[in-house]
């Protein structure tokens, strides 16, 4: 069962004039349910979020740009975006491999592997944070291993990437798995019978089918990594200009009584998140349109 | 009709989650007389152990003298963060923060009377501390004084002055040393400070986090920290670490105060005042000393002389012209610290 | 596809790559938690778990998770009904708004409530007069936890409802059934299992929430410290062993919920065929 | 009249789904709304049911205008195209739903539902779920569910569209008997003319949201009044200009015509021909075996006509030259149909 269903399955939008029908009047309960939903969203989501805008507007435009484009914030955004991107790339490649393995092959311990995918969702981020720090720290097992290779992990960018990778493992796997599942084998067999090699089949037949799911899974994973705080705060060392990701900057601005600057940075973060959400929605609705054969 | 009923049920569940009822029984000047009462003490990072033992002492003492059973709830974190939360609505009855500046910022937000520091003896500091170095066993990098910290081969650990009170005292101690070394030549002093912070490998948000990075995760060669924190670390990890007293440090005054508006609404004014006064009791000063805090009572200080050497220069905040000036000059946006880091 | 020689090699290569990746990225951290927890022996472990502050934090965590499950499930059902049973302009906007809590950073989730209910907000004086504390108190933690888990149940139900179309509800409405009866007898049975998944998901997400809660909790020991926050404090108090011990509670709880989920998945797919 | 639509209009944006639709239906009659898909027939049905509201015009049932009455209060049973059975309720619960919603006492529901279950021939299936039934069985459950509350009007939206051919034929006769036995006024929508002709007492032809013609199946078949009805019903071939056939009266301004196989007679060279000098010469294009007869397509003066020839008569070869006698044709203009007979029939100069 999908954990984070990235695109909604084919919305049965009725197409063709004859079928067009506004069912609002027939099925009772629209007024009540719509009313409750909108008021609830208004109070619990829109009202609080508006405070970010209210406090951002308290800054004069110059001050706003001064804050956003200050060297420390820019490097922090660069760090956050690049680390999130790398983590997402790792999880995209591994996600497709794992999804493929889980759907296509039978092997001992398959159920265990399937359960392992869920753990990053289940595990609280602070627990992940301290265990990764211990594991990759100077005294940790992996930490020692890496230090033999002359690489230090905890308190460096690599540590951040590892934490982000851990947190976002399930997104691509869970997004690709169902698509692979109900991909009918006949198209592969058709291509195979025509002498296509396995890699050609994967490239030309399978990948186009799963590409939208891979993309929306990656988009979700990227959004999640961008905002991650719990696991990173322990392992990152939070050195300005080196390992200070954006959520940590927001947190420190908050601790410096600086609501407006924290809101300004949060505002820019929100824009990034909405862009990602927007792109992933477009891809999934595009995906639905193709699937439902509607142009 | 049935739908109206279910809607009512739904809203009542939601409301009950939000409302937290509290009963009222007060004596004539507004102090609560209920049989069981809680007191919230918002403090900074390293005082966890101190207040654990003091709270047990005071709760017993209060029970004996008034029959009321008291439950003191602690909250620890970076001093700046704690000040923000109290100013923002965290209902603290008393605040025991790392520096007067943070308590002043709460006072400025209207929750504490402006002359709060005069309400208790010794500038409302029942205990104070100073800033020392903590090095690995045997002092491999031969660190004697602040000069050694700027050497390129030395990596230093200190928290972020923007969020941690302790880090501000660390900064001021270093600054005092530089002023004396370069007899107030500001460019040289600035150069010294920049070299010092260039050697900082991890900038944690609170003093305790910084200590954890140094001890648990083996970061850095020297940790600039509170004297009490250094002794606590030594006690925990028998002999792995060594304390070094620099030639110049600061008298780190850590004042305490009640939060006027909160004690009024909670009706805990009398208890809170006695709670803080209690810190000056002889037994309490002993508790402070045993937790490696320098007691304000001279007699107890001498008794624990072994832990609290005084053969070094202790600059006070007044020598810098008070927190207002210091905060503006050093720690505000674009201040000296920011310039060190840009 | 007959498994030719080289495709067998590819098969095992892919399996090994996946296994190694998951071993390093998931099993080792888990192992670190468990070994860290038992470092000082079982006695210490039991002591750590039954410590006064740990139990209080656990109770608060469960309270917050319980509250968030109730609100997200009721909201999820109502919103899913409104969004899938009717076609109206602005449907996509509502869906995106509901997605917001999952896409923005937890720190921002905590911060917006700090700004809203903090002393400078306009709500604070009103609540203060009535004697209600929201932020730095239990209600604040519950509200933030509800916010972070809001879309969980909704996102599980909507795809199923959309795939079903609205004809059954239309038929029931034709026969004079009122909204509640249609929901109870026609719509809900079809989303029972995804609804239960959603609840389990929202519970495990609520228990694990750290970033948002730490902004507005105030870290009052034994009062507003949820388990994840208590772990952070223990970690900051040199008690790494105790921190890992308490973490293991959360690990066990979340893995238990996960196994429950997998069991339900089996049970529901068997029942349906 | 039991059900009456008066100048009903409905459009979606610029698309006119119903264009001045007016017709009436007698009580107890089974009426078929026949038309191609996208013609607006389902919209009309849904408007009668209350699932859609007309932009203008009135709909009245049993004398009362129902425009503003909600669907549930119109006393209508509706059978959806793909059944819309409650997938999580048993057959028994599905059929009982309408009654249980009206708070009918349990025992009366039980007897009513059992009665219906035996009526629709689903004895022993009470506890099955819809997913465990065949298409035909589901259709019968949908029917039983719709009539359970004893509606005064039954509406069926393409009831047999989703059923395979053989079962469909059986269900048609079954439905006709059911409705006659229960004597419920019923309207059903279909795009299959055989179904309409076979089942309906009255047919209303709908195209592009307009009522083309309404009447008994025989009237519709034999006296089409519009070009559309003529071409839509029966196995019609449309001829762009009928003047190529010489033996017909010339109607000024009309040239398209509709010819049905039963209008023609094929005689091979050497066979006795009734009207030898007023038939046309044609060459055989193709021959289809239709069980009871052979369906032969013949090129006659550039038009490909279809004629039926009984199985018993001798086989025709492809390419063979034959004589085609055209008894009658429908000459059509936009909204008029002329029923012309071959002149040869008038001057009865018949060769005995």
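Letters A, B, C and D mark the chains in the order given here, with residues in each chain numbered from 1 onward.
Heads up, the rule we're going with is that a residue touches a chain if its C-beta (ideal position, glycine included) is under 8 Å from a C-beta of that chain, and two chains touch if they have at least 3 such contacts.
Please read these numbers as outputs of a predicted model, since none were measured by experiment.
**Student:** Going only through chains that touch each other, what is the minimum step count from subunit B to subunit C?
**Tutor:** Contact-graph shortest path, subunit B to subunit C, evaluates to 1.
**Student:** Going by the touch criterion at the top, tell me which pair is linked by more C-beta contacts: C-D or A-D.
**Tutor:** Counting C-beta pairs in contact, C-D comes out ahead.
**Student:** Could you please state the distance in Å, as a whole number, between where the Cα atoms of subunit B are centred and where those of subunit D are centred?
**Tutor:** Between these chains, centre-to-centre, one finds 89 Å.
**Student:** Centroid of subunit A to centroid of subunit D, CA atoms only: how many Å?
**Tutor:** Each chain reduced to its C-alpha mean, subunit A and subunit D end up 55 Å apart.
**Student:** Distance between subunit A and subunit C based on Cα centroids, please, to the nearest Å.
**Tutor:** 16
**Student:** Can you pull out the residues of subunit D that are in contact with at least two other chains?
**Tutor:** 50-51, 71
**Student:** By residue number and range, which residues of subunit C touch two or more other chains?
**Tutor:** Answer for subunit C, listing residues that touch two or more other chains: 114, 120, 143, 170, 173-174, 178-180, 235, 240.
**Student:** Check each residue of subunit B and list the ones that touch at least two other chains.
**Tutor:** Expected reply: 3, 87, 216.
**Student:** What are the touching chain pairs in this one?
**Tutor:** A-B, A-C, A-D, B-C, C-D
**Student:** Using the touch definition up top, name the residues of subunit B that touch subunit A in the complex.
**Tutor:** 3, 7, 78, 80-81, 84, 87, 105, 160, 162-163, 200-205, 213, 216-219, 333, 341-342
**Student:** Considering only the defined contacts, which subunit A positions touch subunit D in the complex?
**Tutor:** Touch residues, subunit A against subunit D: 16-21, 23, 25-26.
**Student:** Which part of subunit C faces subunit A closely enough to touch in the complex?
**Tutor:** 1, 6-7, 10-11, 14-15, 17-19, 21-22, 24-30, 32-33, 36, 75, 78-79, 81-83, 85-88, 92, 94-108, 111-116, 120-121, 143, 146-147, 150, 155-156, 158-159, 162-163, 165-166, 169-170, 173-174, 178-180, 182-183, 193-194, 197, 201, 204-205, 207-211, 215, 227-229, 231-232, 235, 240, 243-244, 247, 250-251, 254-255, 257-259, 261-262, 265
**Student:** In the complex, go through subunit A and note every residue touching subunit B.
**Tutor:** On the subunit A side, the touching residues are 32, 71-72, 133, 137-139, 154-155, 237-241, 251-252, 254-258.
**Student:** Spell out the part of subunit D that touches subunit A in their complex, as residue ranges.
**Tutor:** 12, 15, 17, 37-40, 42-43, 46, 50-53, 70-71
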